[in-house]
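Below you'll find a set of structures to go through.
In the two assemblies presented below, chain A is common to both, partnered first by chain B and then by chain C.
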Partner chain A sequence: MLPLPFEYTRLPTIDEALAAVGEDGEGMFYSGGTELLLAMKMRVIHTERLVDIKGIAGLDGIMLNDADEIEIGARCTHNRIAGDALIQEHVPALSALCADVANIRVRSVGTIGGNLCFGEPHADPPTMLAVLDARLVLQGLGGIRSVPADEFIQGELETVRAPNELLTTIVFPRPSGSVTYRRFKHGERPSVNVAMAWSLAERNTIIASARIRVGALSFRPQALTAVEDALRGRSIVEARCAVAEALPAALDALDVNADRHGGADYKRHLAGVLLQRNLDDALGGGRS
Partner chain B sequence: MTHHLPISFSLNGEAIAIEVPTHTLLVDLIRDRIGLKGTKRSCDMEVCGACTVLLDGAPISSCTTLAVDVDRREVTTIEGVTPADGLSRIQEAFVRHGGLQCGFCTPGFIMAVTALLKAKPHPTDDEIRHYLHGNLCRCTGYIKIFEAVKSLA
Partner chain C sequence: MSKTIDNMSSVRPDLIEKVTGRAEYITDLTVPGMLHGFVVRSPAVHARIVSIDTSAALASDGVVDVLTGADVAQFGLWGLVLKDRPIIAIDRVRHVGEPIAVVIADTVEIAENAAELVDVEYEELPRATTIREAMADGAPLIHAHHENLQDFYFKGGARPTQGSNVFHTYRNEVGDVDAAEATAAYIHEDHFTFPGISHFALEPHTVIADFKGDSLTIWAGAQTPTAVQKVLSRLFGLQLARIRVIVPFVGGGFGGKASVKIEPLVAAASWKVQRPVRIAQSQVESMLTCRRLGADITIRTAVDAKGRIVAKSAKLLLDGGAYSDTGSAVATKSANRIMGPYVMPNLRLEAQAVYTNTIPGAAFRSIGGPQAVWAKESHMDNVAAAIGMDPSEFRLINLASRGQRTRPDLRALDMDMSELMGRVSQSFGTEANASNRKSRGLAVAATDPANTPISNAIVRLKIDGSILVSTSAIEVGQGSHATMGRIAAQTLKQPASAVTVLRTDTAVAPYDWGTGASRSTIVVGLSVEKAALDAADQILEMVADVWELPKESLSLVEGGVSIGAEVLTFHEIFHRTLGVDSGEVIGRGAITPRSKKGALVESPLFWETSAGLAEIIVDEDTGEIHIPHYASAADVGRVINRVAAEGQDEGAAVMGFGHALYEQLEFEDGQPVNANPIDYFIPRISDVPPAFDTILIENGDGPGPGGAKGMGEGAILPVAPAIANALFSAYGIRITDLPMTPEKVWRALQKRN
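== the complex of A and B ==
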């Protein structure tokens, strides 16, 4: 099916792209189109003006900044992140995640920024970026603001980004400990996914802090706060016990939608299994 | 800004200059305006891989790519990887191993395997399965396609 007609423009700078989208946001930013064009073809989204940002320099870099944070340009494709040496070295779980998004054709052109801005509940990157405590940098005509990844998605296909704001950069602290990610899926999108990051102290014997996010259960990734609390300060040899004790109540507290990926109880069960597998990966050593 | 734009690109090594409505999809440009029918439209949602073409060497879904996006770039279709007389070594391997039945998905598979073998001339079994995960075939059950690719690895 064809999208309805629209104006198309490709502009070389962020300022020009922001102006072209317009103060009232009648235009839309466009890069890979792997989500947006699908929705436009199905006629669930229409825009008068498509503003292509692929000609803007500087939106597809990956670097370690002076504050020991990793910065990823929002226009980086999944393939670009998967193959990046810096990401492979410091966050191999993110590299592996990006190497497994959808299929090879989507990874060739689809971008991490587009994935986030679409706000699709069944997506891989948002869960991982929330667990990495990422902040998303939005640039608008009025200036620049940062939003924590945890707060970015506000509803199904809805984010805090205003239509005339461009997501430019994703920034997160360089992980100091294990980062893991597990998902279960039938088709191209995850039915349920779980990411976990922890940092260790006392010669890698004590869990200093832990972050766990469960994605795709409702409109955005959720923290398993009770399990995070149970892990903090515990010896890693007690990690399995700590998780087993805290998990049932933590799973019950999650907001879970039944959808075509499964019923609420089933998806809650999957989240528990996937967390256990994250734990196996983390305890198995390494930082994958 | 306009609803029509002139684009120029390389299609299978041949220079093309054409004006397109901006909402034209690449698969329609290739099949209907230019008349190369080897590229197939099937799922129309980037899942099945039947419409796979190469854009600057990387596999993409032409069903969900705007024609204006190929401006000043190189597009390769199944016609571009098929020798004038006979078949490519990838196509021959598919024939030899029975890696096709109805043939509808085959151009997409050939394009994906072309890109795979260029990126990794000797892929492992896992790499073959992972790379081709996004191409669907409803006839073969994939084993014979896998064997065809494996014979080239």
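== the complex of A and C ==
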């Protein structure tokens, strides 16, 4: 299957790319194309103009900024992030996640920004970025705004990004404690995934704060607030106990779609299994 | 350290072409003046076509014409066993994806864009989308009439039930099942289902047709080119000799390119415009074109007090989809293949193929085999458990031995299944006993390939000693051309590098039944061997005649003929015999049911056998099955090309893992849900068990060249039941429908607890 005819342009600056996409958004940004081109070939998406952003300098960097935050350029491919020394040092779980997204072809050309902007519910990075409390920086003709990763996805295949806004950077505080990620795959995509991050206090004996996100069950990652609350202030030796107590009610509170990836009760159960495996990883000090 | 191939002549020539990208598939070909067709397909499950408006498509720049049912109604219906299929939907569509129009244009882009402009109005008809719905009282009739084509493709025909959706019934009864059951110590009955499965060949169906007056040339990835020729000849009223079918490299078939598929459609498009037309389907379109038949199976076994089988009965219902294709043969074979290599003094088999408003069923690697063996071998372990016997022991005491018949109308077993069972167990032998986390399951199969003994080959020996082999066996990745080359080289005592095997072209290659049913190495191989012997005889005859030597004193050697003291080169022989330095001898080899003093008549020609032993670990929290170790054994008589033979066996087993764990074409009220490569999962190399033993047993006792038997369809059979039996033995759960997804396993574990 072939896409309907479209115009293609590759521009060297963000401003020119924004202008080319146009006020009314008749154009679309294009980088890896692993989702977009497929959808165009299937004719479920059509654009008059494909604006290639691969010529724009500065969108594929990874750095630690002065505020002790990690910045990832939206055009970084999954492979680029997986192999980056800074990410491997500070967020090895993100490196491992990116090394295992979809398949080798997707990882070679697909970008983290494209993955987020597509708004696919069954995706790996959104859950992890939400747990890392990331901000997504969007640049439009009117200026720059940043959106918390938790709020970025608004529905299935829908995000808060306006068609003429470009996602330029993903920023999150350098994690101070363990970050873990587990998923259950159905084909190439996660049917359920769970990410967990916590920071420790009192010489690494007390959980100062914890963030847990469960992804792929509905249109966007959801917080397991009750478990987060149960962990906060507890000693790490009590962590399993705290999770076990809070988990059943927290799982029941999740919004779960039954779909081809599994029945709601099964996926809810898997979320619990994956959370406990995250906990094992965090306590075992394995993949931090 | 890198491994180097020190002898490139041992590498299949087609593989060199493939890895260097030189191999040509149909989409690499261009015929001068060629147009492109794009197929408009039915979105409706079952509907009457009220109107088709092609005017907007026809008005598009670059569109040459649009083919619809009105154009082809005059040609009538076609089929392989039942004539039930129009070239393109005429007044009615019977499944989603059925071709309803072909837009023919200068480029495929223009054709695809214009296809969106074809406006079709449908009036929904009552539908029957499952076996149950199709067999219910008052079910809508999917086909009103059936014309049986006796002995047209397979020997025999179909037995449709008029006024119903049942298009074939096969029954076979031995002894008295009721009487045996009446006195049996124990009777056990099970019910299993099996889903429709996609062939998922990496190369979708692609055909170029060039209709010129009263001749037609077809380039197709057809597994049975002579069947394509025959169907097109009948359909369009053309002489067989005026229809040429050319088969370049084929990117996988697995039965999905056997019999006839989109060739009549593309031929009709070319007929309409009288120019060459190419239709290159996408993977999605090919997934809507054909699939393996789903099945609903009831199986019952009665045993005596010692655990010996006294009676066995099975009823198999096969979901044949919207058109019969070869579904009747699939049903018949499923009944034969549910028997297994056991002694069953009393036997009652019934198989029916049923039309449904879904993607048409078709042949698929061991027709009816995976469905039947899934049920039969799962059932064997259930019976063993019910009578408190070890499942291997239960099989061993019931195995038919070499030379024994499992049914009076079938050839006696030509192998020893206990040998296969022993070999797969031995391959696990050096390991410590399975831990409590690991469990093992076994399954075996003995199937009867329909390897029609009809084939012809031509082997031409040139003056420089080079050899040209021509057959209608196609090269679909299995290595048959390299095998034919090797048989010719060995028979003529020439190096393999001297042999060229021609790509299949019916204008050059003689008649053969087709590539399928594990028959090429045996049947086509025998015809090549015979043709090579004929060529050898002719060249020796020349020498005997011209040099005036007794023929018995002559022998073929590399490069020529030894006359004792010296070697005459082929050059010298032709030059002196013909007077000029030119010429060739043409050896002809024909295999018929009368060959080998009638030894090839009895069915099957050989038993295709396999044993599979799976070791599994289940993640009980998620239901996921891991298979750290799998062993597959097959009795292949003799290996001709080891790498190719092992590759075939391993490929079949891996396909079996797909059937067992991942694959199912899903329908919701007849609408395909996952008929696309994104939502349909096939196994990848990372899904192959890390320890995989391939055991090929060679006793040189097959009917083929050097004692070879056919292979390639056996190893797919035991995989699913072996895994299911491992689940049953260690976890106490019995899965009765495939695939064994993690969710299904988890639910079964929950239910058990």
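Keep this in mind: the second predicted complex is superposed on the first by the 286 of 288 C-alpha atoms of A that agree within 3 Å, B and C clash if a C-alpha of one lies under 4 Å from a C-alpha of the other, contacts with A are read in each partner's own complex, and residues count from 1 in each chain.
What we mean here is this: contacts are C-beta pairs under 8 Å (C-beta built on N, C-alpha and C of every residue); 3 or more make two chains touch, one makes a residue touch a chain.
Remember, it's a predicted structure, so these values are computed and weren't measured experimentally.
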item: First (chain B), second (chain C), both or neither touched by A:Gln222; value: neither
item: Chain B versus chain C as contact partner of A:Leu270, first or second or both or neither; value: second
item: Which superposed partner A:Ser108 touches (first chain B, second chain C, both, neither); value: first
item: Which superposed partner A:Leu37 touches (first chain B, second chain C, both, neither); value: first
item: Which superposed partner A:Leu4 touches (first chain B, second chain C, both, neither); value: both
item: First (chain B), second (chain C), both or neither touched by A:Phe184; value: second
item: Touch count on chain A, higher of chain B and chain C; value: B
item: First, second, both or neither for A:Asn278, with chain B first and chain C second; value: neither
item: Partner chain in contact with A:Thr47 - chain B first, chain C second, else both or neither; value: neither
item: Partner chain in contact with A:Arg260 - chain B first, chain C second, else both or neither; value: second
item: Touching both chain C and chain B, counted on chain A across the two superposed complexes; value: 1-2, 4-5, 38, 187
item: List of chain A residues in touch with chain B within their complex; value: 1-9, 20, 33-34, 37-38, 41, 49-50, 52, 54, 79, 100, 102-106, 108-109, 187-188
item: Touching residues on chain C, where the partner in the complex is chain A; value: 108-109, 112-113, 282, 284, 621-622, 624, 666, 673-674, 678-679, 681, 742-743, 746-747
item: Sites on chain B touched by chain A in the complex; value: 1-3, 5, 21-25, 28, 44-47, 49, 52, 55, 58-61, 64-66, 68-69, 112, 115, 130-131, 133-135
item: Chain A to chain C touching residues, read off their complex; value: 1-2, 4-5, 38, 184, 187, 260, 262-263, 266, 269-270, 273
